[in-house]
Amino acid sequence: MSVLIRNGTVVNADRSFNADIYCEDGRIVAVEPGLAAPLGAEQIDASGCLVMPGGIDPHTHMQLPFMGTVASEDFYSGTAAALAGGTTMIIDFVIPSPGERLLTAYHKWRDWAEKSCADYSFHVAVTWWDDSVYEDMGTLVRDWGVNSFKHFMAYKGAIMADDGVLTQSFPRALELGALPTVHAENGELVDYLQKLLLKKGIVGPEGHPQSRPPKVEGEAAQRVIQIAGILGVPIYLVHNSAIESIDAITEARRRGQRVFGECLAQHLLIDESVYFDKDWGRAAAHVMSPPFRPRAHQEALWEALSGGILQTTATDHCCFCGDQKAMGQDNFARIPNGTAGVEDRMAVLWHHGVNMGRLTANEFVALTSSNAAKIFNIYPRKGVIQVGSDADLVIWDPQLTRVISVENQHQQVDFNVFEGMRVSGGPAYTISRGKVVYAQGTLQAQRGAGEYVFRPAFPAF
Amino acid sequence: MSVLIRNGTVVNADRSFNADIYCEDGRIVAVEPGLAAPLGAEQIDASGCLVMPGGIDPHTHMQLPFMGTVASEDFYSGTAAALAGGTTMIIDFVIPSPGERLLTAYHKWRDWAEKSCADYSFHVAVTWWDDSVYEDMGTLVRDWGVNSFKHFMAYKGAIMADDGVLTQSFPRALELGALPTVHAENGELVDYLQKLLLKKGIVGPEGHPQSRPPKVEGEAAQRVIQIAGILGVPIYLVHNSAIESIDAITEARRRGQRVFGECLAQHLLIDESVYFDKDWGRAAAHVMSPPFRPRAHQEALWEALSGGILQTTATDHCCFCGDQKAMGQDNFARIPNGTAGVEDRMAVLWHHGVNMGRLTANEFVALTSSNAAKIFNIYPRKGVIQVGSDADLVIWDPQLTRVISVENQHQQVDFNVFEGMRVSGGPAYTISRGKVVYAQGTLQAQRGAGEYVFRPAFPAF
Amino acid sequence: MSVLIRNGTVVNADRSFNADIYCEDGRIVAVEPGLAAPLGAEQIDASGCLVMPGGIDPHTHMQLPFMGTVASEDFYSGTAAALAGGTTMIIDFVIPSPGERLLTAYHKWRDWAEKSCADYSFHVAVTWWDDSVYEDMGTLVRDWGVNSFKHFMAYKGAIMADDGVLTQSFPRALELGALPTVHAENGELVDYLQKLLLKKGIVGPEGHPQSRPPKVEGEAAQRVIQIAGILGVPIYLVHNSAIESIDAITEARRRGQRVFGECLAQHLLIDESVYFDKDWGRAAAHVMSPPFRPRAHQEALWEALSGGILQTTATDHCCFCGDQKAMGQDNFARIPNGTAGVEDRMAVLWHHGVNMGRLTANEFVALTSSNAAKIFNIYPRKGVIQVGSDADLVIWDPQLTRVISVENQHQQVDFNVFEGMRVSGGPAYTISRGKVVYAQGTLQAQRGAGEYVFRPAFPAF
Amino acid sequence: MSVLIRNGTVVNADRSFNADIYCEDGRIVAVEPGLAAPLGAEQIDASGCLVMPGGIDPHTHMQLPFMGTVASEDFYSGTAAALAGGTTMIIDFVIPSPGERLLTAYHKWRDWAEKSCADYSFHVAVTWWDDSVYEDMGTLVRDWGVNSFKHFMAYKGAIMADDGVLTQSFPRALELGALPTVHAENGELVDYLQKLLLKKGIVGPEGHPQSRPPKVEGEAAQRVIQIAGILGVPIYLVHNSAIESIDAITEARRRGQRVFGECLAQHLLIDESVYFDKDWGRAAAHVMSPPFRPRAHQEALWEALSGGILQTTATDHCCFCGDQKAMGQDNFARIPNGTAGVEDRMAVLWHHGVNMGRLTANEFVALTSSNAAKIFNIYPRKGVIQVGSDADLVIWDPQLTRVISVENQHQQVDFNVFEGMRVSGGPAYTISRGKVVYAQGTLQAQRGAGEYVFRPAFPAF
């Protein structure tokens, strides 16, 4: 199985140049201008297109059991949708219930993920603490290629990790060369505000953002950064949505701390007004945590991406359909949290980032794949087009136009938060491990073709 | 009983001017140049001196039961020492044990304080929560003139208020028009670090600052400020010692939050090196929380005072003698926390503040009395020299020089953290409620002469 | 001439209390509950009203010769309008032409101001430098009660003071005990951007904000604060309109610098969209410098007022009628800069500040008079209600409602930037130097009744 | 000419791995474990060593005519010293006199540099403005591979570019795809302070830091960043030495601006106390601008390097011997500014960075070569070990120890600011364009072997 991509412009995070790319057996074998086509190689003409590393979405939740239901998108459909959008790898989350062995949960998720069409890997959540957690973290790092552990500072009474758990888990990650990642919201305050709002009779989706204001996120970001700083461990904050978090990360970096920050495509483009939609279903469809914010936060997120304060973009892809969202009809706190995006991330970031002059094409690559690959220590296997790297590529046509809609998406969910958005620039072809899996609008993803990516410990930072 | 002070320069927070001051029955009755002496009035010649409002120390702990012992300084000796230093009022703390009714504790402290020579008032600590606490807060505000409630974010397993308690207590204070005050250190991290250090065999006083680094304070300051911001309540942070806290307060004020900050005289002048003293006793004598910091923090504290980021100065006066400190001989975490200062605060602040050009004399007055009076809502009864105010005054001689020492102090403790410091400027006379209680080196304080100061709710901010 | 105000609530910056106020010969003689009316005293019933110090507007330009015309509001009409709005004192600006002796210009303005109905004083601008300027600054401070000097960092080729002038003038002000004040915009950049825009064919009012973006102000604020810091001189920044300036002031205060900041009522309430009005005249009527800003800046200004980062409110009252504005019909850079506001400042600040919960009534007093009085060293003569102070008062009726309009204003200009704004709360009576000059809608201002206020050097900071 | 490096650990900015490296004709031809040695290839055993990209020093001044004399180090000796320290490329500065054509100056410097032993390139300074400068900038970018232009905000009356020049030059650089670089100090203030100090009789080297305090640098950094922001052009600040500059850069990056920052090895390790050396010669030997700073600034610089706020390290290598420094015997302002460092940068940064735990080895590579290569758009030709890159390498022996001294240095100057510093870690071999030029203590540099590096415009940011 071999593919030759001709006449395109290669765009890496560090530079752009004209070259053909030849892939064989899932790897990139040559990157040079004017390559001759070996016998039997499929040829793709990339004239007028950019050839970029396939996207990495470092934050998805396929078929997640959550809030009394299960996310509608499974690993098969979800990775297929990803490929259709130019994303060739996801990092999903293993989330053990409190009391459940980490290894047990890990294997459960590995089973679920076997049907994936694209490469995948797992962060494992630390939702409780005892000696077995300490042990399992070691096993996961050494034997199973897990180099990041997730901590939820919200969801009190469920999967929340309080300061006691954090101070056990972070030093353990440090000695293993693994990276703690964090969902930063003060769960105690969320709980207080939810009860207060419900008591006042505010039960609709508009209660959701009021129960999780920016300061609730900012407080937790500040706290966990300080805790990590005291314990001397690098840290990665997922889905930063607020100026307050950006301030916290900025200040920490100025003080020399290794703090990394992620931003969701949704938070860059959608504002808080969606929760005040008269249509309950539409409002509820936007319920996710952290919630969408007033507009000023969006501009700050874009700025933080350009300025290098935030390094990665993701989606927190977690799909619940209308009937699932309806579980919270009488109480916003029971609406399953989550929105989709894995298919659309690349296109909306290109359109609003590169087309609008906020990002160069190289910065786009850094923010959609290279930086995630570096932080999660799979670079240069992933995240760059060079000889020896995995042949995960997207051939990007800047002229291609799409109106995003639930009607034309591959995602298994009945809503699209970007509904009606016209974007210019999108994948003409997606190549996963050397195979063309998406070609000019036709998805050719293969169930189970995705492989598990072992991520070694002790990255370069 | 009447006193006429002649020929001095009156220094208030807002301006200086030449005037005589006539006091009768504990109040200031006239402030004008060239006053004639009424019959029988004691006359004091204040030529060459500044006449300022007596100091208010808003943070002392007289005869505090703490860490298995009781502070050596009682309300009598402590207020006498205060008067000798030019301070005419203290605000001490009622600290109920977890489970103890606030009112019960309050009356216990009132009894203890009856022997005070100077005026006094009380903050009451919220160290736990149930409905009785809610009720007692109301009673204390309405019937007993308490307008501030203290919360300890440190001292896990003892008096620590976690985020759950804070989110109950702050809204209650808000509705009562009372001010929450906070000791900001992350108790969870202190506990973790203490255990870690002890496990490593670090048991001496040098372990104290290592278990409470600046970030431990900064984290708690950030957190409580955000919590207060979300709940819409003003807040007062006691004994800020670190750049991190100053940053947090600065940022909050920029965002429009009503956040007030206090600074101790000790933190302004003493650095972390004291904990590395070869003499265990000397090192232990400096153990207090927050601990003394690297030098850069001191300069930042002075800057924050000049720039209006911090508004008050205090001492956290809490005395333990050598034999008490010895309780922690084998474990720094058992050394009773506290240092003395109520007698020296005014002089060291004058010398290092005004003499060194960091503060004007007016700013000195603001920082030693007026601002505390305003924040704790007893202005202009206290904190200013004007007709109708309490006759609490200090006649300050800028020429007076003293070498601070345990040998010449009035404080009831066997150590002075400022030992050997030569300061220029000090009280020639102190007048409390219209009586001369300290005159040219002679203390004439009277047991029980101090009165309890009722502080009304709903201040001007 | 005496007045007794009964049954009101006295509101000072530091507290509120119930008291009657008796004024005689222009001064406050008694402030006590239940005062008996002396023979012949005019009595005012202030039931349901607040009695506050009269407003001080520290930034006006009456009858200013500027950009080839003269402001339409003169000292008589302007101070009358001020009184109608509850403002009893203005500080205007003497602006010498480059080369003109400061003293000459000063006396010219003194002459013009003799017809004022309310008290007034002058900042004097330093628009050029030679030895005579050095000399005149001394004379003005010593003999004429000028304690503040203004510097324009914008208006290149006209009155701009470059860094060379600033480094001469600031040390001179420091040795005289006077305060440098600054209009902070980078004049070089404004000039560059104006030319660039005009070259691109952007000649309408929308070019005005584009030629003076927030960074142009922020840069100058940063620069002048650093220059003042290096030279060790306190500084006052007029009309801060941008987040960037607030950041600069905040940071400086954190570092202990004495930096004061002013904010205009207009910038608090009007945003940039006015420059895109289809009606040229309406758009041009809003041209002033700094220009109105995007909304986020307004919220930041309110926050900076609440948090104590900015201390004063003003109007930069400078009136040009439609025919004067028309001078810039073909070139936005020729539209005379200025808007009115001296009559409306108190009401709009009350309505949007106090009624909206952003400010307490005491903070309102601090921001409309007390702080200006302290900074410009005329406190407690002005800015507070206490015995001995000038009898400049406003009796504020929180129930009084007005729809602001050019139709019902006293300002001599054909436009009102607050047109149509309904505000609750306004002056029932204004008292200037002990005389009732505005009573229940009737203005009784007297030409020439205002007195020049001598402001001594060496304030308390 | 070919070289095979065996058994080393390759350290790039993004990761470390074990591989042999084969170089031929000046390029890297293979990077794989277990390479066989081609016939005739020189073999180097790198066991126990790290193989890293050769250092790039982006800021040197060889044989610079400055302040009435000429730097003692020429392009031959300077690049030889660089190679001895592991640095294989320098970027020097063409500095036209005001009025001199840029192209004329450029060719003069090109002539001087022909004798270089290592690769070199040039920033060209814009020290004045007219149409010819505009033209020459274009020619330099298109025909001569110059992609960066330098601006001095200090040195009033000589090479200073005022705001007027900056606003001409920056937009020109932007349209050419070139990067403006800036020496940020407020020249007006330096001039004022120099004259003030000299007037006070302060003529010795201690006057140097007093005339250029941190705020003088911070102000200029703030200003130029705002100017660049308004004009929409990326910017690079050379030799940041102060917390104030770091703050400015941090804030700009948070706002999304492309701002890059450089830091000198000297500023990381030397503090202000050197100017108070009793020995005039020693004190004067340290005179450079910006001057050395109080210690707190050094820690902040290290933190900014770790946190990604500053991206490059350099030396501003500019050598003047004792007799040259003596020109300022009576006036510190006449001491030729400059210190050496090109030979020692790598070693001191390794020792105090990597050995002290502040940096990982990968971060060291980023900070000594990769980031400079990316910013100045010669990556991956320089700054990384990969197939196709220039064979500029350093084989780093972490065990190698050296006591830095003027006695054992190759630099042509009679002083070393790191004199007596013992460092662990240094170059065992240096390879320049595929030739071994330094081997186990023996320098084999060849006059004129260095080549001029053409740097294309329009980098990836």
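Letters A, B, C and D mark the chains in the order given here, with residues in each chain numbered from 1 onward.
One rule holds in what follows: a contact is a pair of C-beta atoms (placed from the backbone, for glycine too) under 8 Å apart; a residue touches a chain by one contact, two chains touch by 3 or more.
Keep in mind that what you see is a predicted model, and the values were worked out from it rather than measured.
Asker: By the touch rule set out at the top, what is the minimum number of steps from chain A to chain C?
Answerer: The least step count works out to 2.
Asker: Starting from the mean Cα coordinates of chain B and chain D, work out the distance between those two points in Å.
Answerer: Those two chain centres are 52 Å apart.
Asker: Roughly how many whole angstrom separate the Cα centroids of chain B and chain C?
Answerer: Here the centre of chain C sits 38 Å away from the centre of chain B.
Asker: Chain A: which residues touch two or more other chains?
Answerer: Expected reply: 247, 251.
Asker: Among all the chains shown, which pairs meet the touch rule set out at the top?
Answerer: A-B, A-D, B-C, C-D
Asker: Touching chain C in the complex: which residues of chain B?
Answerer: Listed in rising order, the residues of chain B that touch chain C are 13-16, 246-247, 250-259, 302-309, 358, 360, 362-363, 374, 377, 379-380, 386-387, 459-461.
Asker: What residues of chain C sit close enough to touch chain D in their complex?
Answerer: Touch list, chain C to chain D: 162-164, 167, 186, 188-189, 192-193, 213, 215-216, 218-219, 222-223, 226-227, 229-230, 244, 247, 251.
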